[in-house]
Amino acid sequence: MSKNEAAPRAGGRAADALRPVRLTRHYTRYAEGSVLVEFGETKVLCTASVEEKVPPHKRGSGEGWVTAEYGMLPRATHTRGDREAARGKQSGRTQEIQRLIGRSLRCVFDLGALGERTIALDCDVIQADGGTRTAAITGAYVAAHDAVSWLLAQGKITASPIKDAVAAISVGIVDGVPLLDLEYTEDSACDTDMNVVMTGAGGFVELQGTAEGVAFTRAEMNSLLDLAEKGIRELLAAQKAALAAA
Amino acid sequence: MSKNEAAPRAGGRAADALRPVRLTRHYTRYAEGSVLVEFGETKVLCTASVEEKVPPHKRGSGEGWVTAEYGMLPRATHTRGDREAARGKQSGRTQEIQRLIGRSLRCVFDLGALGERTIALDCDVIQADGGTRTAAITGAYVAAHDAVSWLLAQGKITASPIKDAVAAISVGIVDGVPLLDLEYTEDSACDTDMNVVMTGAGGFVELQGTAEGVAFTRAEMNSLLDLAEKGIRELLAAQKAALAAA
Amino acid sequence: MSKNEAAPRAGGRAADALRPVRLTRHYTRYAEGSVLVEFGETKVLCTASVEEKVPPHKRGSGEGWVTAEYGMLPRATHTRGDREAARGKQSGRTQEIQRLIGRSLRCVFDLGALGERTIALDCDVIQADGGTRTAAITGAYVAAHDAVSWLLAQGKITASPIKDAVAAISVGIVDGVPLLDLEYTEDSACDTDMNVVMTGAGGFVELQGTAEGVAFTRAEMNSLLDLAEKGIRELLAAQKAALAAA
Amino acid sequence: MSKNEAAPRAGGRAADALRPVRLTRHYTRYAEGSVLVEFGETKVLCTASVEEKVPPHKRGSGEGWVTAEYGMLPRATHTRGDREAARGKQSGRTQEIQRLIGRSLRCVFDLGALGERTIALDCDVIQADGGTRTAAITGAYVAAHDAVSWLLAQGKITASPIKDAVAAISVGIVDGVPLLDLEYTEDSACDTDMNVVMTGAGGFVELQGTAEGVAFTRAEMNSLLDLAEKGIRELLAAQKAALAAA
Amino acid sequence: MSKNEAAPRAGGRAADALRPVRLTRHYTRYAEGSVLVEFGETKVLCTASVEEKVPPHKRGSGEGWVTAEYGMLPRATHTRGDREAARGKQSGRTQEIQRLIGRSLRCVFDLGALGERTIALDCDVIQADGGTRTAAITGAYVAAHDAVSWLLAQGKITASPIKDAVAAISVGIVDGVPLLDLEYTEDSACDTDMNVVMTGAGGFVELQGTAEGVAFTRAEMNSLLDLAEKGIRELLAAQKAALAAA
Amino acid sequence: MSKNEAAPRAGGRAADALRPVRLTRHYTRYAEGSVLVEFGETKVLCTASVEEKVPPHKRGSGEGWVTAEYGMLPRATHTRGDREAARGKQSGRTQEIQRLIGRSLRCVFDLGALGERTIALDCDVIQADGGTRTAAITGAYVAAHDAVSWLLAQGKITASPIKDAVAAISVGIVDGVPLLDLEYTEDSACDTDMNVVMTGAGGFVELQGTAEGVAFTRAEMNSLLDLAEKGIRELLAAQKAALAAA
């Protein structure tokens, strides 16, 4: 197999194909928004909780806040990982991911229109097969949308503070071939890995590319972005369809 | 309504009836045992992970170990709770519950027959409506059983170290009436709350009764134990049925 | 020696006998209540501190709070244990015990009659020979009573918020024989261990039975409760006598 | 001023100009590499320490490791920040940055050629005026290079494990105008902020773009990358000149 | 009252008089040395534990180690203090004191003659009325001596590693008058406070003087040292007498 | 070489000579006071930050506060030390030093005249060659003075709250010879080590003497204090000269 001929993907998936995407709303009962998002075997429960308070830096500002926390069940992965609560601190990776989710969602929110309250997004990985942070962003948007619908239904706000949709996908180069939506084995083997967060209008919100071992060229980056744009458009359609259902 | 006439239970449930119990095996892919246990709206994911190491106090003993950790997703409950990993420590309640689960499961294990390895049980509450610790014990047994079957299939052990089944239920007195399997609203209102852990052979493994406000009599305790025994027999049957399925 | 014939107890103690119980009031000077409780060689210093504030969940409620903390001096035991302050966290066992003490004492308090203040009970084990948590509850009651007398003497309250006495004892089955008030070597060897907390009126406040290795039957439980009731009646008498002294 | 006409930059700096860059080697005495890097008023002390041990995941692998830690003196900024050591934990931002520095440097190292030892890079911000993480990467490379020279001089290795140079710069869009090397006031005001890490050969190692409020287009991203490439070429030249000096 | 005429001391104590000193050996059962030391109302339990291991920096050195930990029961003081184990860290004051005790004791030990083992000194304040750290050092010496006697009796060492005795006292200037052995109210009121640690041979081991508000002169320091030497000679005699008893 | 004939000091320094002292004001830009203090190769950055708030125990008192924090960059020393922020806590040594600096500075401040605000002194060791705490105190005084000048210039206070100058030096006995201002190799080798903090008026503020192995006599102490007084007078002159410069 030449360097530029990648191993066939699991299930015969095309290089530019997403894994099956499922967005199950109302997955749990109590949260104002609760969505199980699945990218193939990656499963993340995203809940959106409305809290009638804001962090200190927003108090008295008239503006609200959108924040995110991320966690992984100890056996979401092939080998059991430490429970962060037992170890007494969140890893750098966890903090990096939850900051990314928070920024991505805030980017499509008009915090003034939200009013002085918080939407707390909890993204907990039930099963991990690559792409958990991008699945989390994609699912958290739907959960946040349901929480906003609840606020509207309750009469707490009269117009939606959501300005646009937002979704995310990973792309990477494996054996020289750009691939969309990496699963775990691909992610481990890839030379370059990029997470792309994009709005409904097609603007980038976050873009994080990392070379694993070998630096990547601008041409490679461009082909990855092409793939990512294609994938995110499909995710945005899936979000829309999920939200259109009763 | 007189003191001894309790409010009718949700869904017309009888005082001595369990909520619908579901045990879904193979709920996630990677763990050697993975069971979603549901007691009505209480849902706990129990995974059993085999680890080829033991804690320091067992090293070189030839014996294995069975341990448990417990967690609750922040929005498993009516109002969002702090994420313990973010707060940097597990609450006393969490530690108390995970110690209880660990002791309960160890009681039915022959640690010598397990060999010098650990079965780590992770019990994560996806949705909480009362009875999470008893559901966790009941589900963890099935997950542990699947992990043992995996060890047998792998040829790592030749005989099962499981000596008996184990299951658990909560009972309590609400408005003077003994009730089986309390759901959240009943648990909040109850005078006395008891968690009972019992083996297949009918012996008690753990018994934790707590008066909430008013002390309870020995007669009340006896009627609670009668209820608990009835409920646990049904749970043991449900475990057996689940394990009998392919 | 047959299975049902236990080794004679240290000092020729009968199976249903408590160790010598001593309750020394005013053991230290500053606390509103300060009691050294001794169950044989187990020695626990229980202080009750009155604090004119309540935890957040009671603020503005008009009700008070009773809380407990538990600690063990590093060399209270046969081999030196880690200092929890140095290690940076309390063990699960410590938290379990201090929650038990707190619940047990609150059960005999009318928190409304206490007024919006806290009685903080500190139970520090000077020397441990089994039964530290039950000694702590028994001594903490006397310390709390002294703190209430101080509140009355100061005119801060006009009627006692204490509704009843409370005391606790451990019981267990060693080599098939039910024993009252286990000392350390018995506790290590026992099959079943139960801690019972009871009020002056004879109601149960807490009941925690744990099988060590072998599950216990309901008949065994009943004989343990008989023993516990006998022991607690003696402890209640000892508390009464201690409080009657000047 | 139109949206696309930015305020003139401090000191009349052109949109595509770096601030004055200074790389002072041998800044402190003990470290195997010690470099003060200045991007204008941003000053970061980068030390490289050689340690004859590796983290657990590399033990026995024959490979070495390159790692980084990042810190900021409390009064490096306009208002005093908490000391992370006093607060007892590193912020998410700190961890994110030190992970970025570590990955960036590892990308140009042949860990096998380094041998089973660690180069620990400490990047401490003495004064912060924007771009601290990019200055840190740029300075850490020079410090790491000096540590490698020391290893060669000591005869501990016979060939350099450094495969290429690496440097980093920030770019951003302020009032619609793409700017190179943002200082603090520009960083606070910018719509989009991108950190770019590039090798001597011109490949990307890391690329992190974040929209602040408004998503950015692919065209904007391309103009930012053009700026970044220009700036990094100048930084690579400055590194080369610094290392050529005695 | 003129500046140089201090208030009479409690109980008519002379300026150069110690409070009553009591050293009760064998205060608890399990420790190799266990001493309750009382300086008036200050009561500190000092236990010495022999551990057959040494900290990392002594492993393989053939030398032993002497270390100390210090704690205060929450209600040892007039108002209840936080429990350090509950708060999750030891205060700076606690660490300062335990480092002082450790250094003071190590100064009279021949660590080589001790052999590769540790004597761990736990000093826990039961009641505090000023001078807890000096009482702790004075009592810890006696406890350490008992632990050494135990080591000799066990045949683990054949000659005592103790080179000299060590004791400590506080002195201070209150209203211009130098006082020996400050109790709490004097300590709070004093201008200058000095802790002096001295050996049996009369050499200083530690000397820590602190001005509270007003700096002190060398003449004042000299009069304080005169007082301290007198007091420590009496403490050394009390230690000798205690150790001479059976 | 006889016991009382010390090895010649580095650079031919006399036993009673300070290392070259440099006090560089305005070392960084943002702090109200910022001083790099150098005692030979020991370099400490001292910043003074004015904060318009006070700690809880001073709120509403009308008085201000002066506090200090101390840190050491990981590679300030010969071998790399752990980063305290990464380890999650400050060492006992660090806390001891920052408490010493805080007390020393408060001793020359009229906290009432400062008004209800805090001067926070951050002392960060860039390079350590012995005497970091005494350099820190000496430099922190100059930084605090600059912060007070800023307060006066801003019109926030109308009279200086500084009552006197304060400086500090270490002295020690090496091979029987008393030496002023120990550098690292001397500090490691010394029998006795003393840190002395003195005011402009010649009073002692702090005096901390520690025997390393061999106790010291009062005569030795006196010769050390003579040396310290000489050294501190020179430091006070250096502070004055630095503050006299524009």
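By letter and in written order, the chains are A, B, C, D, E and F; residue numbering begins at 1 in each of them.
By definition in this document, a residue touches a chain if its C-beta (ideal position, glycine included) is under 8 Å from a C-beta of that chain, and two chains touch if they have at least 3 such contacts.
Quick caveat, the model's predicted, so the values are computed rather than measured.
Fewest steps needed to get from subunit A to subunit C, stepping only to touching chains, is 2. Common neighbours of subunit A and subunit B under the contact rule above are absent.
Annotation of subunit C and subunit F: jointly contacted by E, touch as defined at the top.
Of all residue numbers used at the contact between subunit D and subunit F, over half are used by both chains, marking a mostly same-residue interface.
Centre-to-centre spacing of subunit C and subunit E amounts to 33 Å, using the average Cα coordinate of each chain.
Subunit E and subunit F, compared by their mean Cα positions, are separated by 28 Å. In subunit C, the residues touching two or more other chains are 88-89. Following neighbours round the ring, subunit E first and subunit F right after, the list reads E, F, D, A, B, C. Across the complex, subunit A meets subunit B through its residues 28-31, 34, 41, 43, 45, 47, 49, 51, 69, 71, 73-80, 83-86, 88-90, 94, 120, 122, 124, 126-127.
The touching residues of subunit B, counted against subunit C in their complex, run 89, 92-93, 95-96, 98-99, 103, 107, 164, 194, 198-199, 201-211, 213-218, 221, 225.
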